[in-house]
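Quick one: structure below, then a few questions.
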Amino acid sequence: MLSALPGVLFDGVAYGSLLFLISIGLSVTLGLMNFINLAHGAFAMVGGYACVVATLRYGLPFGVALVVAFAVAAIAGGVLERVLYRRLYGRSPLDQVLFTIGLTFMSIAAATWVFGSGQQPVRLPDTLLGQTRILGVDVGIYRLFLIAIVFALASGLALLVTRTRFGARIRASVDDARTAAGLGIDVERVFSVTFTLGSGLAGLGGALGIDVLGLDPTFPLKYMVYFLLVVVVGGAGTIVGTLCAAMVLGIFDVAGKYYVPWAGAFVIYALMVALLLLFPRGLLRRIR
Amino acid sequence: MTAALRTQGLSRSFGALKAVREVSFTLEPGARHALIGPNGAGKTTFVNLLTGALPPSSGAVYLGADEITGLAQHERVKRGMTRTFQITTLFPGLTVLESVVLAIFERKGIAASLQTRVANRTAEIHEAIHIIRELRLERDAGSVTRSLPYGKQRLVEIAVALATRPRILLLDEPAAGIPAAESGEVFGVIAALPREVSVLFIEHDMDLVFRFAERITVLAQGSILAEGTPQEIGADPRVREVYLGDEAARG
Amino acid sequence: MSVAFSLPDARWRAAEIAFWIATGLVFFVFPSHLVLASQVLITGLFAVSLDLVLGYAGIVSLGHAAMFGTGAYVAGILARNGWGEPLSGLFAAGLAAAAVAFVTSFLALRGEDLTRLMVTLGISLLLYEAANQAGVWTGGVDGLSDMQVRDLFGVFPFDIRGRTAYLYTLAVVFLVFCAARRVVHSPFGLSLRGIRESPRRMAAIGSPVQRRLVVVYTLAGAMAGIAGALLAQTTQFVGLEVLGFSRSADLLIMLVLGGAGWLYGGLVGAALFLVAQSLLSRLNPVYWEFWLGLLIVLVVLLARGGINGALTRVSARLGLARRQA
Amino acid sequence: MKLAPAIASLAVLFAAPAAFPADPIKIGLIAEFSGPFAAYGRQIGTGMKAWLKEHGDTVAGRKIEIIERDTTGPSPEVAKRLAQDLITTDKVDFLAGFGLSPNALAVAAVATQGKTPMVIMNAATSIITTKSPYIVRLSMTLPQVTEPMALWAAKNKIKKVYSIVSDFAPGIDAESAFQKAFTAHGGEIVGSVRVPLKNPDFAPYVQRAKDAKPEAVFIFIPAGEQSVGFVKAFAERGLRQAGIQVIGPGDVTDDDVLEAMGEPTLGMITTHHYSFAHDSPQNEAFRKAYASVSGAKQRPNFMAVGGYDGMAAIAAVVTKLGGKMDAEKAMEIFKTYKTESPRGPIEIDPQTRDIVQSVYVRKVEKKGGQYLNVEFDRFPHVKDPVKEATKEAAK
């Protein structure tokens, strides 16, 4: 059993990467903008469908399709932010929840109308299929690919938020919009850009995730619990925290399923409750 | 006569920062005692240690003859120690009358009651109206606290504190943010409180401190720098140096 | 006493009385929609119980189904194993749900809003899985059938048109609502609103905040359990979904839609949501979710402060009740 | 908002209670049209309409009217409410549909109370037909299509099997049906695992199965994203390369999802009562009618054929009754129902009101650019083994 440990750990990290990818967009909008966007899954779904259409209908390569997925979801997010979301920034969290749930319902019905209620096929390029052997462990190539993307994405985002002027503007705008505006920061634009970025990331996560998660119109509701779980356990708004949470949950979930399969369903929820009680403000508190 | 409130070597650290160090302090019964000190001297932390909002790193707190160091905040309130906050901390969505009645219920231990209805508790309502009148808030009794001007809110703060019928009242900058003209009014109300109530207040405005305090403790860098009557403090060169000098420079 | 000194008194207002008379009239005016009407009342009661926790005490929960489901299963299991008397079944269900609420309150009440949201959700999902595993008792995913609910008072059978079920539901919901109303108007209710407004200040005036929250969470749990038991008894079936995520999530939607912190918000929200759902899904069984979503979005956008705001304005005019945001 | 239905219901109250011959035969279709199981309702509803398209919508001089109602997913209380409304308000002559077992089970009592025949078009839990004398099933039971898998595997020299099922009642039914029959015929279960219902990652379970080195993996999971996830993990872990065969009831290679899963499904062997690729004139006609109704390129699957056959059975009953509805007589006719369906020969067991049918062994192959479940062996006249066992025990 122990000989399987390296493989289990690798799978755990890979699953954690998947959790990170589908949650990071929400972490950005919730953590950086204090906006509870339960329609996050809808943007992920948009990215997923964009990827499917790009690869199957237009025969684009997978890599290009990922860019398309990011772009389409980002544009959708940007437009909706302009037209709708902006009106809700000052409102109570419950209003935001209600509003975004309403949007989620609409997105599910709309996706059913356009694409039908069935599962969508996903075709990965052959180079990403199958397994390879690294240090004596059989590892899935696509999983390896996901892990690589996650670490690139996480470090890129962390740098963006902590090291760049744009990051400083985001943080200033969130902490105190009025002061930030007084300092000459165009808060409205900062929020627009951040929301667009968050939506784009959701779309990218959706596109990368559908190979494992499947894609049908109920995607936004079906995985809502998972998005929230990762983001809240990690502590909203910390890229590193979200990454840690995704990894911890991923590794424990996979290990639990492998070693104690009878408890499979309980592991992730019990772990979530335990982690939240131990770290009520998230694994890492918000980066300042 | 035992002190109303006393601390013994009270300390509190936040990581490497020693916010309050080895403070031994006494509040006499019926006192009008001011706690002053420059920004970051540890005044608010000290009050939080007194009320139990923060546990001390070391040292002890005595209420009368009893040690209360380990007591929960609400237990201390039951024993007659109440505070107000530097930043207005009220019930924004309740009316003034509701806020005061609520505090009276808590004092009388009937706030957990399901037996009666709020509207039928005439005794408590009358007492609340009495307190509200004392603070000249009667015209605003039915208003939601959130809608009141800031100065009025500070008075509501005190009204709620008084409703717990404290023997010891800890006021953290009761006049903060109020126009100078009205702040005198707030302190007038405090000064007029019955002598059974011992009052400790933190205040920045030296005029007010010297007008209303009968005793002053100066806190600097977490420990007591000086203590005495206003005259003694006013004459103390060390105080002038760290505090009044600072004030003078600012003024 | 002058007007300025008035407190929200507990007298029944005309609009409230009219509301309850209207629910009674439903029996005569909509005889063919009594099953829907019963389910609206049951869900409404469930929402009222969440209102005590969320609207009054300010505790967000995404796991209220834990207590609802417990009540449903207790009533269901009793009725399947020969204890089919409905009223005692309700009582037992309420007790069991209160016990679950009491025990879990020590986990659920810690931390901040988002933490509470996820901890309560986690608890209900764990219970869901437990019920799925305990197939011998609960029937698992296939549900618990074969409930033998006896005739009410040994006289009135539960008929196919749902007449008995409606009157039974209405009576129970009304009585439990009165209890909730009493809680809200009591000093305890005032202290809950104090906690919602500022837990810090409550502690400063000597209130044991945590203990109060445990009490209200337990009380609300009992109410949710009774609602769950009502659903089980009137449906004579318990599905695993009584503990599901969407049960809690829809409930939150209904309460916010109807307005939190106002008791009637739960009933109004449940009625709006379920009637809209029923009508829309009749018109369009496949795409109705779009229109329901649109309705929700419009309510949030157009009625400032959600429909809560609109209702407050209307209700203020009607004098139905007062509500603070 | 409630005025219109109120007026409608008043109108119903004043309408003549008995049906004129010109009145339509009303079928209340209760199924999952939205939510995660929306495909169920769509398949069943389109299957029914395909029959009407093919045979015309008038039977014994009476028009067939289908009233669609959405259960919104697995939601027993909604299903039951819809059934009550359909019987008391719409005065339907038949209840039909039911993709999910809990929805069917919750409605059973209503069918009895309202004396309305209830035609199950998918829900596969064995006990359903025992819950009301008014229930007849035109779909299948899970043990019915699972047991032949075990017999086939044992016969074809598969000795060691690892079992993976979803952790819920149908999964456990499938697991026990397979294990019982397989071990009785000399097979060995080298390991088994139950997978949580909401489970985005199958890799750990598939890895476990691979580590146990079986000859075949028996799998039952609900069709949809679960089977997509399983198939992906199966391909990635290289089980096929390791020579491990996938066997199981046909849900994992459901025709509706097969194209979406694609290449990795090649070679999987399943037992089921219907394949889109079934070669018969009846199926040819059904596929054509289905395509013309749905318009989309979506394939009919076993639920669609359940809807189609259910509709056919209802029509046959109405014809025999000469258009005069009578629930008791209708049930008697259902019990002797026998026909050649697009899936092959089917009949109703008069004792259990459950379906008796051929179960086919199929293998996924790629033909003409399509992934298909190609039938290559069959078990004729299979009854629900659970009820057969109960009958045996009673003797």
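Letters A, B, C and D mark the chains in the order given here, with residues in each chain numbered from 1 onward.
One rule holds for everything that comes next: a residue touches a chain if its C-beta (ideal position, glycine included) is under 8 Å from a C-beta of that chain, and two chains touch if they have at least 3 such contacts.
Please read all numbers here as calculations on a predicted model, not as lab measurements.
Undergrad: Give me the chains shared as neighbours by subunit A and subunit C.
TA: D
Undergrad: Going by CA means, which chain is nearest the middle of everything shown?
TA: Looking at where each chain's C-alpha mean falls, the closest to the middle is C.
Undergrad: Can you tell me which chain lies farthest from subunit D, using the average of the Cα atoms as each chain's centre?
TA: Chain B.
Undergrad: Averaging over Cα atoms per chain, report the distance between subunit B and subunit D in Å.
TA: Computed value for the inter-centroid distance: 73 Å.
Undergrad: Once you find the CA centre of subunit B and the CA centre of subunit C, what distance in Å lies between them?
TA: Computed from C-alpha means, the inter-chain centre distance equals 42 Å.
Undergrad: Taking the mean of the C-alpha atoms as each chain's centre, how many Å separate subunit C from subunit D?
TA: Spacing between the chain centres: roughly 36 Å.
Undergrad: Rounded to the nearest whole Å, what is the centre-to-centre distance of subunit A and subunit B, using the mean of the C-alpha atoms as each centre?
TA: 48
Undergrad: At least two partner chains per residue is the criterion; list those residues in subunit B.
TA: Residue numbers touching two or more other chains: none in subunit B.
Undergrad: Give me the residues of subunit D that touch two or more other chains.
TA: 34, 38, 42, 167, 196-197
Undergrad: Touching at least two other chains at once: which residues of subunit C meet that condition?
TA: 129, 132, 246, 286-289, 325
Undergrad: Let me know each pair of chains that touch one another.
TA: So the chains that touch one another pair up as A-C, A-D, B-C, C-D.
Undergrad: Would you pull the subunit D residues touching subunit A in the complex into a rising list?
TA: Per the touch definition, subunit D meets subunit A at residues 34-36, 38-39, 42, 167, 193-201, 203-205, 207-208, 211, 224-225, 228-229, 232, 235-238, 256-257, 259-262, 296, 298.
Undergrad: What does subunit A use to touch subunit D in their complex?
TA: Where subunit A meets subunit D, its residues are 4, 7-8, 11, 14-15, 18, 108-109, 112, 116-123, 129-131, 138, 140, 142-143, 211-218, 221-223, 226, 253-255, 257-258, 261-262, 264-265.
Undergrad: Any idea which subunit D residues touch subunit C in the complex?
TA: My answer: residues 1-2, 5-6, 9, 12, 33-34, 38, 41-42, 68-70, 72-77, 80-81, 84-85, 87-89, 101-102, 105-106, 108-110, 113-114, 125, 127, 131, 167-170, 172, 196-197.
Undergrad: Under the stated contact criterion, what part of subunit A meets subunit C in this complex?
TA: On the subunit A side, the touching residues are 84, 87-88, 91-95, 97-99, 101-110, 112-113, 221, 224-225, 228-229, 232-233, 236, 265-266, 269-270, 272-273, 276-277, 280-281.
Undergrad: Using the touch definition up top, name the residues of subunit B that touch subunit C in the complex.
TA: 51, 53, 72-78, 82-85, 89-95, 97-99, 101-103, 105-107, 110-121, 125, 129, 138-144, 160-161, 163-164
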